[in-house]
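These are the structures, in structure tokens.
The same subunit A turns up in both complexes below, where it pairs with subunit B and then with subunit C.
Coming up: the complex of A and B.
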């Protein structure tokens, strides 16, 4: 009857040295958890970051070559078709009117619903209802130029109009000095056409460039320009975040490897006499090394199983907190995590294996 | 002192034969000759005590006979095989087959029971056999302690388990390094009786000891001093290495 196998020996050894085994397991679990979390987030990173960048507003601006003529009448439809179904676009027309206090102010006609989606970063007290044709949105500074924002009286040329402000806009930019009105009211009142369309195309630099070239083809009479700073900034941030994550993975792997190296070395030094005895009983170098490496392998695999669960939970939490979306566990990252942990364990076992090779059973068993 | 022995008398009985065996160690301080042209033979069934002061070369000799080391020069034959010419792997195999070790400090694996410690020797030799392992424990009077861990056994009990482990693969040679060095008088007596019993049953025993009483139980003594076989033989059968 055989009840002493390699598996039983390893199990008993790991349990006997539970503090040491646990310490190695913790280190390998930490590495697997961090790598799982980073790789899980990494897999979703592009879409999440690009989603985040959408909140920064437009990354392409389409303007009329001749601002006095404005854009063609169905420019917004053409832009939406050319930019793609997932792009956001809002048109703007600009005119300078006079307030009831006699102060000149820039009035912008737009589609509130489209602007609200495009510029979700705008701070607005209360967005005007799209069903209310006389509703206006007053920039923080522009509100100071009017006598009564609830009874807003503006004059363009010799054409007066009465609107009512529903809320104030704070952006910290030029928008604060403008009064936004519905596009239909604007065109009827000023007879001016939309002259600018702001477009937000999701995705990286390449996707934006591709959208620009489609827009240029579709609207040869208009100027299509990227908001260069934003597009390049987005690309740089995504690249840097990738590099940062790779760097973090490497740093963590190295730290864990050193920690596991120390643990495994101590483990071999502690058990030099046990290994010497096994050698005296006829155990070959290869058998003893196989036992030791198998032990490291068991710890690495154990670390991966525990680390994957913890790492996936961490990725989910981080995703919820930072991106407000759930990131589900990705089994696809498991082979990479396993490979990395096995490499760490193998690297950490190099020095202890050298100690094993140099073992002198006679001296050790004599107690020297 | 080299002592050529008459090969014609017992040519087939030399289970251990050394001919001009030298072992040198080279370190930072230079080369140290731990064993200097040692020559002697031990026949099957003989009980030999190796004695000598610290640093005389006893441990080196035990390492060589135990196949844990190889000579720098000379010929060392165990059970007819020249171990000096064996590879490390062959030596591992040979050691598992031919030598049963009894250590002064017992060296039982702390997380294995008495029974499993014996089965460990079977594991590295061939296959584990619990029935045989239990029988070996019974033979040394430890059958009732089979499931106990070493920490639950007294020194004498641990040494008996160590002896059972040495016997389990039926090696032709038992190599005992100070087998009673860590035991009190009562346990020393038990172990001495066990060794006597094993010798009576035909086992070859090579025992390193400082204890004159234990040395007195052996058939003959081999004394070592400064790496040289100093006094050899004192009675017992005589075998020559020459062929």
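Coming up: the complex of A and C.
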């Protein structure tokens, strides 16, 4: 049998038996699409999950070892460079002042815009505008010890200051008992420098550890510590979700693979009669098997092309729906998808080989 | 006759039935497992998230302003308002009592005393429950600070509140403080009573050194009853941390219950939002204020929503893929049997009879394989769940099988099998039997 007639046979077989070729193609497309979608999502999963954990806020705290002297003046810049471009950082300075009712209260100086991105869980009625130098944010408990929130009179030592509160802050934590003022106001009023920098580094334990060692190197005079409960918890949850996804990927891929196997090998078995006829006409066993195999592989490649497009679209949709960020198609998963699909197809074509080999062409053609 | 045909078909064509059945079996296994995981993932992740600590804090409504920086009380205020320790059992009686998984009361005190080698001790200390049985008549909830702070690392043993007597108590010491005082587990600290009030002298036996990564490392942790004895304030608690399973907050959950109509308020009250649980705690403990700890609660909500959302979407994708794959397998299984259909038709079987026969076959297969798949999937989900989220305690049968899923999964299998067979059956029935038998199709 020459190569030309083999090609013709293949073409005839695929076109003539359109319905079956089509259902085999659908099965292979589904398998490729599922694998593409899951692999694409899986590749992106960790960074997406870690991104969600940003809402927990700072996972590293840099404090001055001597709180009375505070951190060096350019500390926040040093921290931002050392922690990396995707880290969030905000500086805080603390002092104890007295309210107009004579109650001691913790006053914290900070940069409102940095805090707003870092601590997204803060519930604030109205954030003070950065242009307003005398704006203050009152913790909900602190506000109860202040006579006039809009004309807020505080005294530090013997130095009084008048600010106006723009809104209340609700957190359920220590912040509720503090009054936050702009850093500029804080330093000129109390002569104190920022003493704490909270840093949020996205990523798991390893990334946080490396950021900590970079920070320690950049600022040998400060204390750099992880927020232990966050770092450990995050890594554990991300790892578990990761493992769960891995299990799901394997399970679904297996299901689809077996269904496709069933479909394809049934369609090969169904053609025992053709097989017998060709054998009777002088085709060798290996030539005929090669033909079946080639046919299955062509369908597999077709399935990968269609499946990659559909699967990438599915991954994009899922990620858009759940994480509200797009997952772009990854060409990198293509080889693995192709390999899997080819394996399934080859296996499906070769699975019935034992049955076919046993066949007596004459008996089959007689209709027994 | 119909039943004989049906039985014979299953008896004789075992291989074909096995392939289609296997496809359905695996499909339902995967779908059951995914759905079972998706329905329980919320609880599991929430359990993991408890490692972030409490999500509700309770303090006396008439409290003074704390002057705290970095967890250190700069100006400790003497006196002040307290909650009653004995009231805490009421937490077991609120509407969402079963959602409360941890309760940890705190009483900060100041300790003045001497170590065995004579060094002066002047340190803050906190009275806590370590492993306390909280009960209001029913089964007790074993809870305390240790469960709520899984990141605390201990060398030694936690103190036991039963060992507290009028003269002796156990305690653990923070790592930094231990280093400064040069004490270790097994040592004793002699605490002096503060003259002028009901406070008492006590000997603290250190049972361990604790490392927490925060300001607690500079403190002594001791059982609540010992702290109350030292401070001379029986039954007093300054602050209570509560860990509760909650429903992530939505727009309705953020509403102020006092502005809602009676009926809406009822609905709000009966949903496990952090706010409504805090509201119920406020009602149960007189003179208290309860609030959600937003850093934990709000962020947990987001993470929880994302992970369970992901699981549901993947389950949907799995369902779709399994449906496609199974219906393709079903269609092939019928296309294969065109000759049989041609023969039956030419022997005088009506189209309805033939269709009924094939549908009955598909249906039986779907119910049988679907049922098996349900069992296999439930087992798989339980196994995967146990492997990934190491749950303590054995796997209970009740948590293993989710009965609601059974009808859902079997119905899905039936629908998919029948829908998958329909085009193939219709095609076989519309083709002329003689053409099929001649083999020209």
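The rule is short, and it goes like this: the second predicted complex is superposed on the first by the 235 of 368 C-alpha atoms of A that agree within 3 Å, B and C clash if a C-alpha of one lies under 4 Å from a C-alpha of the other, contacts with A are read in each partner's own complex, and residues count from 1 in each chain.
By definition in this document, contacts are C-beta pairs under 8 Å (C-beta built on N, C-alpha and C of every residue); 3 or more make two chains touch, one makes a residue touch a chain.
The shown structure was predicted, so the numbers you read here are calculated from the model rather than taken from an experiment.
J.: Determine, under the contact definition given at the top, whether A:12 touches first (subunit B), second (subunit C), both, or neither.
T.: The first partner, subunit B, only.
J.: Could you say whether A:322 touches subunit B, subunit C, both of them, or neither, answering first, second, both or neither?
T.: The answer is second: A:322 touches subunit C but not subunit B.
J.: Touch test for A:251: subunit B only (first), subunit C only (second), both, or neither?
T.: Second partner only.
J.: So, A:263: does it touch subunit B (first), subunit C (second), both, or neither?
T.: Only subunit C; A:263 stays clear of subunit B.
J.: Check whether A:284 is in contact with subunit B, with subunit C, with both or with neither, and answer first, second, both or neither.
T.: first
J.: So, A:273: does it touch subunit B (first), subunit C (second), both, or neither?
T.: It touches subunit B and subunit C both.
J.: Who wins on subunit A residues touched, subunit B or subunit C?
T.: Partner touching more subunit A residues in the overlay: C.
J.: A:314 in the overlay: touching subunit B, subunit C, both, or neither? Say first, second, both or neither.
T.: A:314: touches subunit C, not subunit B.
J.: Tell me which partner A:34 touches in the superposition: subunit B (first), subunit C (second), both or neither.
T.: Touch status of A:34: second partner only.
J.: Across the two complexes, find the residues of subunit A that touch subunit B and also touch subunit C.
T.: Dual-contact residues (subunit A): 273.
J.: Quick check on the complex: what are the subunit A residues that touch subunit B?
T.: For this pair, the touching residues of subunit A are 1-5, 9, 12-13, 15-16, 273-274, 276-285, 287, 360-363, 365-367.
J.: Along subunit A, where are the residues that touch subunit C in the complex?
T.: 19-20, 23-24, 26-27, 30-31, 33-34, 37-38, 41, 48-49, 52-53, 55-57, 63, 94, 96, 103-106, 119-123, 141-142, 144-145, 170-174, 176-177, 196, 225-230, 232-233, 236-237, 240-241, 243-245, 247-248, 251-252, 254-256, 258-260, 262-263, 265-267, 269-270, 273, 314, 318, 321-323
J.: Quick one: in the complex, what on subunit C touches subunit A?
T.: Residues 16, 19-20, 22-23, 26-27, 29-30, 33-34, 37, 41, 45, 48-49, 51-53, 56-57, 63-71, 74-75, 149-151, 212-214, 291-299, 302-303, 306-307, 309-311, 313-314, 317-318, 321-322, 324-326, 328-329, 331-333, 335-336, 380, 384, 387-389, 427, 439.
J.: How about subunit B: which of its residues touch subunit A in the complex?
T.: So the residues of subunit B in touch with subunit A come to 59, 62-63, 66, 68-69, 88-89, 92-93, 95-97, 101, 103-105, 107, 109-112, 116, 119-125, 127-131, 165, 177.
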